[in-house]
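Order of writing sets the labels: A, B, C and D. Residues in every chain begin at 1.
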Amino acid sequence: MHSVPLSWYLILSAVLFGLGVAGFLLRRNIITVFMCIELMLNAVNLSFVAFSYQLKQIDGHLYAFFVMVVAAAEAAVGLAIILTVFKNRATLQIDEVDSMKG
Amino acid sequence: MEFVILTLVKAALWAVIILTTLAYLQWVERKVIAHIQLRLGPSRVGPHGLLQPLADVIKLLTKEDLTPPQANKLLFVFAPFFSVALALLPVAVLPFGPEVEIFGIRTAIQLTDLDIGVLFLLAISSLSVYGIALAGWSSNSKYALLGGLRASAQMVSYELPMALAVASPLLLSNTLSLQELVITQSGYYAGWIPQWNFFKLPAPQVISYLVFLMAAFAETNRIPFDLPEAENELVAGFHTEYSSLKFASFFMAEYANMITSCAFATVLFLGGYLPLWPAEKGSDLFPTALFLAGGAIAMYHGLHPARPRDRRTLPAVALLFWFLAFLFQVPRLKQILIPMFWFGFKTGFLLFVFMWVRGTLPRFRYDQLMAFTWKFLFPVAMLNMLATGLLVALYGG
Amino acid sequence: MHLWLIPAFPLAGFLLLGLAGRRMSQRLINTVAVGSVLLSFLWVLRTLSALGTLEQPHLESYFTWIQSGALRAGFDLMVDRLTAVMMLVVTGVGLLIHIYSIGYMAHEGGYYRFFAFLNLFMFFMLTLVMAANFLLMFVGWEGVGLCSYLLIGFYFHRKSATTAGNKAFIVNRIGDVGFTLAILLVFIHFQSLDFQTVFASLATNPAGVTTAALTAIGLLLLVGATGKSAQIPLYVWLPDAMEGPTPVSALIHAATMVTAGVYMVARCAPIYLQAPLALEAVAWVGLATAFFSATIGLAQNDIKKVFAYSTVSQLGYMFLGLGAGAFSAGIFHLVTHAFFKALLFLGAGSVIHALGGEQDLRNMGGLRKHIPVTFFTILCAAVAIAGVPPFSGFHSKDAILIAAYHHSPLMFWIGVITAGLTAFYVFRAVFLAFFGSYRGQAHPHESPKVMTLPLAALALLSIGGGYFDVPRWLHPLFPAAEEAHEPWLVYVSVAAGLIGILAAYGLYVARPGLAGQIADRLGALYRLVYNKYFVDEIYDRAVVRPVVDGSQTVLWRGVDVGLIDGAVNGIGSWARGTGAVLRLVQSGNIRSYAAWVVWGSLVALLGFVAAGGLR
Amino acid sequence: MTEMLIFWAFAVVSVGCAVNLVIQRHPINGAISLIGVMGSLAVLYLQLGAEFIAAVQVIVYAGAIMVLFVFVIMLLNAEAEQRTGRSAAVRLIGFPSLAVLLLLVGMLIRRLAPAPESVRFGDFMGGTAENIGRSLFTGYLLPFEVTSALILVAIIGAIVLAHKEID
C-alpha cells in the first residue's frame, strides 16, 4: 500500500471526464461549456499517459500531444466562433442560441 | 534527508540574494536613468541614497491597503502574489555555477538541474500572463481591464518569437538541461573567442539573441513595450487599483522577471557562468583586479578634498571592494565565487542594457507593437531557426 | 492527299464567321465565306486530278472516333467515282450559289449569320458525301438537317419561317429514325459500319445475312431517304422550306441536300441489288412522288412553290431511276438537276429581287423586257428540265425513262406523262412571269453582275451538262442498264415535253383566260389540286393533332402532372412530415444534444457489457 | 509512500478544481479552476514519467489555451450566467445516464485494468523530449504534418471569423 495502482489514475481520469460531461450538461455559459470540453480532453490525456506507462511505450504520450495540438486549434476556432456569436446575439447564454438559422 | 536540508539551505541563500538584488536593482536603475538624464537620482536617504530601497519598502508596507468595492476579492488578492511567485520560480533552475565541493559535500550551486529546464522556464514565463490579466480584470476598473487586456495580448504574442529564439540555440547545444547547456558552450576558438552560442559555429545565434532580448522587453512590460502601464493612456494600467504591499509585489515581479530573463539570455547565448576568456590566460584574476581598481577609485574620490560629504562613505566602500577582491583569491571560495561573478557580470550587463534602453527609447503605439511582433519579429525568428537547423544538419552541430 | 482539308475549309470559315463575324466588314465576310468554298473546290479539283481514274476507292482514316467492342467508327474519308461526282457538284454549285448570295443577301440583316450557316452546311454536306462509314455519313446527314432548319428559319421574325423550319426538322426526324434503325441493322448483321467491309462481305457472299434482313435494311434506308429527299409520304416539308432565302432554296433544297437521299441509296446499291423488293419500293415511291407532285405543281401561283414541287417530282425521277436499277442514270439526273434546278431557283430569286420581294406569278408578267439576262437563263433551265434535246435534262431524263421502260412499261408511260406535266407547269411559270403585260406595281430592275454571272455559268452548265457522260464514269461502280436503245422511246418522251410546252403556250400566252375557264370547268378537281390534295390537312388531322392532343392530355396532364410531379411532391411532403417529427429532437439546444450523446454512449457501453465485454 | 502522497494531493486538487469548474457560475472562476486541474494533471504526468508532456501541458494548455479563454472572457466582459428553465432533456436523460455511465466505466476499469500494476516513479522515464521528438519525426511524421496543416487552417478560420467588424 505504498505505491499507487495504475487503475487509480484511470478512475481519476474517468471521474474528471464525468465532471466535464456534467458541466457540459449543467452550465449555460458557452465559454464554461467550452472549458468543460477542455476538461474532458485533459481527462482523456491522463488515461493516455497512464496506458503509456503501463505499456512502457511512449505512443500514449504522442496521442496526448496530438490531443493538445488539436485542442489548441479547436480553442482558436471555437473562441472565434464565440466572439462572433456574441457580436450577433449579444449573449453567451447557450440556451438562447438555439435557432438554427443565423 | 541530507538532500532536503541542502536544498533548503540553498533555497534560503538564493532567496536572500535575489530579494536584496531586487531591492537594490531598483536603486541602481534609478541612478542609471538619472545619470542618463544628467540628474543625481536618489541621494538623500543615506549616502548616495543607498538606503532608498529600504525607505521605499517601509513606505509601501505602511501605506493603506485598499481594495475597490466592486472588485473580485479573491482574484484581486491572488493575482499579485501569483505573479511574484511565478517571477521568483525560475531561480530554482538557473545555473549560477558548476558543481562544486563545499565542506566535503559535492553539489551544484544551482538549486536543481531539470532535464527539461528550458521547457520549465518557458512554461513559467507563459504562465506569468495570468497575474497581470487577472489583476486587470479583477480590479473591475476600465483602465485596469484595458491594461490587463493589452498585457495578455502582448505577452501571448511575444511568446512565439521568444520560444523560437530559444529553440535555435538548443539546436546547437542539443540539450534542454540548463547546466549542460552551459557546459556545451565551454571552449574557445583560437584560444580567445569563447564558443558561446552567440559565436558558435556553424550558426552564430546573433539574430535569435537580439530577437530574444526584444521579446524579453515585451514579456517584462518594459519600455519601449510597457503599453500595459502606459500612464498617459491608462493611468497605471493593470495595477491602477493596487496599493501598498500588493503593488510592491507587482513591482518586485517586474524586476524579478527582468533578472530571470537576463539570466536566461546569459545561459542561452552568453555561456552562462563561463569566463570571458580562458582561465589559464588569467581570467581568474579579472574579478580581483576589477574590485581592486574600483576600491582605488572610491578611495581616491573619498579622500579628495573637494568632496567633504563622501569622506566617510567612499573609503568604506573602497575597503569593502578590497575585501571582496581578497575573497576572490581565497582558494576554497574561488571555485564558487568566480563562476558566480561571471554569471552576475554578464547578467548585470544585460540588466544595464535594459535600463539603458528605458532611458533612451520612446514608447511604441499599440498597433505598432503588435505589427512589430507578428510582421517582423516572428518571421525573422522563424527564418533564423530554419537557417540554423539547415546549417546544423549540413555541418554537424 | 489530305482529303480532310476539303470539309475543313468551310468549317474554318464557319468558325471564323460565327465567332468574329459580327465585327467583320461585309467585304471581309464575303472573302471568308466565298474564299473557303473556293479553296475546297480547288482542293477537290487538285485531289481528283491527283487521284486520276480512281479505279480503286481512295480511303484516308484519321482517328478512331468511337471504339466500343466490335464497333469501330473512325473519322475516315473515302473518295470513289460516286463521291467524286458528288464532291464536284456540291462544291461547284455551292461556290456559284455563294457568289450569287453576295448580291442577293447584300441588304439583308444577319449577313454574317447567313454565310456562317451556309459554310457550316458545306462542311456537313461534304462530310456526308465523303464519309467512309455509315455513322460518319449520319453525322453529315444530321448536320445538313440542322443547317437546313437554321436557314429555313433564317427570317426568324416571321412566324411562318420558324414553323416551316420546325416542320422540316420534325419531318426529317421521322426519316432519320428509319436511317438510324437501318444503321443498327447493318451493324448487327455485318459487325461493321465501314462501307467497304460491308459491301465486300456482301459481294463475296451475304454470309448469314438473309434477303429479308437486307430488304428490311433497304426499306429503312428508303424511309430515311424519303425524309431527306422529300418523297412520299414525307415530302410535305420541302414546299414550306421555301420560306428560307432563295439561295438556300437553290443550294440546299434543290441542288445538294435533298439529293442526299439519292446519293445514299446509290451508295448502298450493293445492298439494294441483293434486295429486289426494296429496290422495287424505291422505284414506285419515286414514280408516285414524281407524278403526284407534278400535278400539284400545275396549280401553284407562288413561283418558288412551283419550282419546289418540280424539285420534288424531279427527285422522284431520280428515285425512279435508282429503283429501275439504273443507279448511274439516277446520279446523272442528280447532276443535271443540280444545274438547272439551281439555275431555276436563282433565276426566281433574281426575279423576286427584281420585283422587291414579289413571289406571286399573278403579279408578274412581261418581265423579259425588264430583266433579259434572268429571262434567258431561266429559259435555258426550263428547256433543260422539259427534256428538250440537246439540253442537259434531256440526256439524264432519257436515261431514266429508258431504264424504267426496261423495268416495266407502265412506269415508263407514267414517267412520260409526268415529263409532259413538268414541261407544262415549268413553262406556265415562265410564260406567266415573262410574257404578256406586267401586272405588278414594283419597278423591275436587272440584278447586279455578282448575281447574273453565276446564272450565266449555271445556264452554260444546264445547256451542256448533258455531255458529261456520268453513266460511263460511274460504270465500274454500277452494273450497266441495258443499252438496247429503241429510238421511239426517246421520241415519245421528247414529244411529251414539247406537248407540255405548247399547251402552256396556248393556255397562258396565245389565249390567256382559257386557263381560268378550264379551272372553272373542272372545279372540284382543280380545287383538290390547288390545295395540294389537302395532304397537309390530312397529316394535321391524322398525325399532328393526335400527337398534340395526346401529349396534352396523356403525357402532360396524366404522366407529367399526375405521375412525375405527384411523385416529386409526394417525396417532398413526405420529407417535410418526417422532418416535422425529427425536428422535436433537433431542438437546437446544445446541452440536450449532449444529453443525447451521453445516453447513446451509455447504450453502446451497455451493449458492450451485454456482449460479454467484462470477461 | 511519496507517490501515494503526491497522487492523493494532486488527485484531490484536480477533482476539487473540476467540481469548482462545474459549480461556479462565473466563467473566470471556472477558468482559474481549470488551470488548477491542468497544473495538477501536469504533476501527475511527471509522476508517470511523462516529463515532456507535463511541460507541454503547462505551456500549451495553461500557457496558451487558457490564456485565450481568459482573454476572451475579459474581452466580452462575461458576467455570471442566469438560470434559464430550459432543456428538460438534460435533467431527464443526461444526469441519470451519466451516473450509470460512470459506474459502468469504473466497473470496467476495475475489471480490465491490470490490478497489480502499480506506479513507482522512475520505473518508466521514456517520455523525454528526445524520445518524443524522435518518434514524432519518424513513426508519426504524417500525423504531425497533418496537425501542422490543421493548425494553419484553424488560424485562418479564426482570423476570418473574428475579423468581421462589429456593426
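Basically, contacts are C-beta pairs under 8 Å (C-beta built on N, C-alpha and C of every residue); 3 or more make two chains touch, one makes a residue touch a chain.
What you see is a predicted model, and the numbers here were worked out from it, not measured in a lab.
Excluding chain D, the assembly's touch network divides into A, C | B.
Between chain A and chain C the centroid-to-centroid distance comes to 78 Å (mean Cα coordinates, whole Å).
Centroid to centroid, with C-alpha atoms defining each point, chain C and chain D lie 82 Å apart.
Averaged C-alpha coordinates put the centre of chain A at 37 Å from the centre of chain B.
Look at where the CA atoms of chain A average out and do the same for chain D: the two points lie 5 Å apart. Chain contacts: chain D has residues 52, 56, 64, 68, 73, 75, 86-87, 90, 94, 98, 101, 105 touching two or more partner chains. Multi-chain contact residues of chain B (touching two or more other chains) are absent.
In chain C, the positions touching at least two other chains are 587, 589, 591, 594-595, 598.
Chains touching one another, given as pairs, are A-C, A-D, B-D, C-D.
Touching chain C in their complex are the following residues of chain D: 86-87, 89-90, 92-94, 97-98, 100-101, 104-105, 107-108, 111-112.
By the touch criterion stated above, chain C contacts chain A in their complex at residues 586-591, 594-595, 598.
The touching residues of chain C, counted against chain D in their complex, run 587, 589, 591-592, 594-596, 598-599, 601-602, 605-606, 609, 613-615.
By the touch rule above, chain B contacts chain D in their complex via residues 72, 75, 115-116, 119-120, 122-123, 126-127, 129-130, 133-134, 136-137, 145, 148-149, 152-153, 156, 159, 176.
Of all residues in chain A, those touching chain C in their complex are 21, 24-25, 28, 33, 94-95, 97-100.
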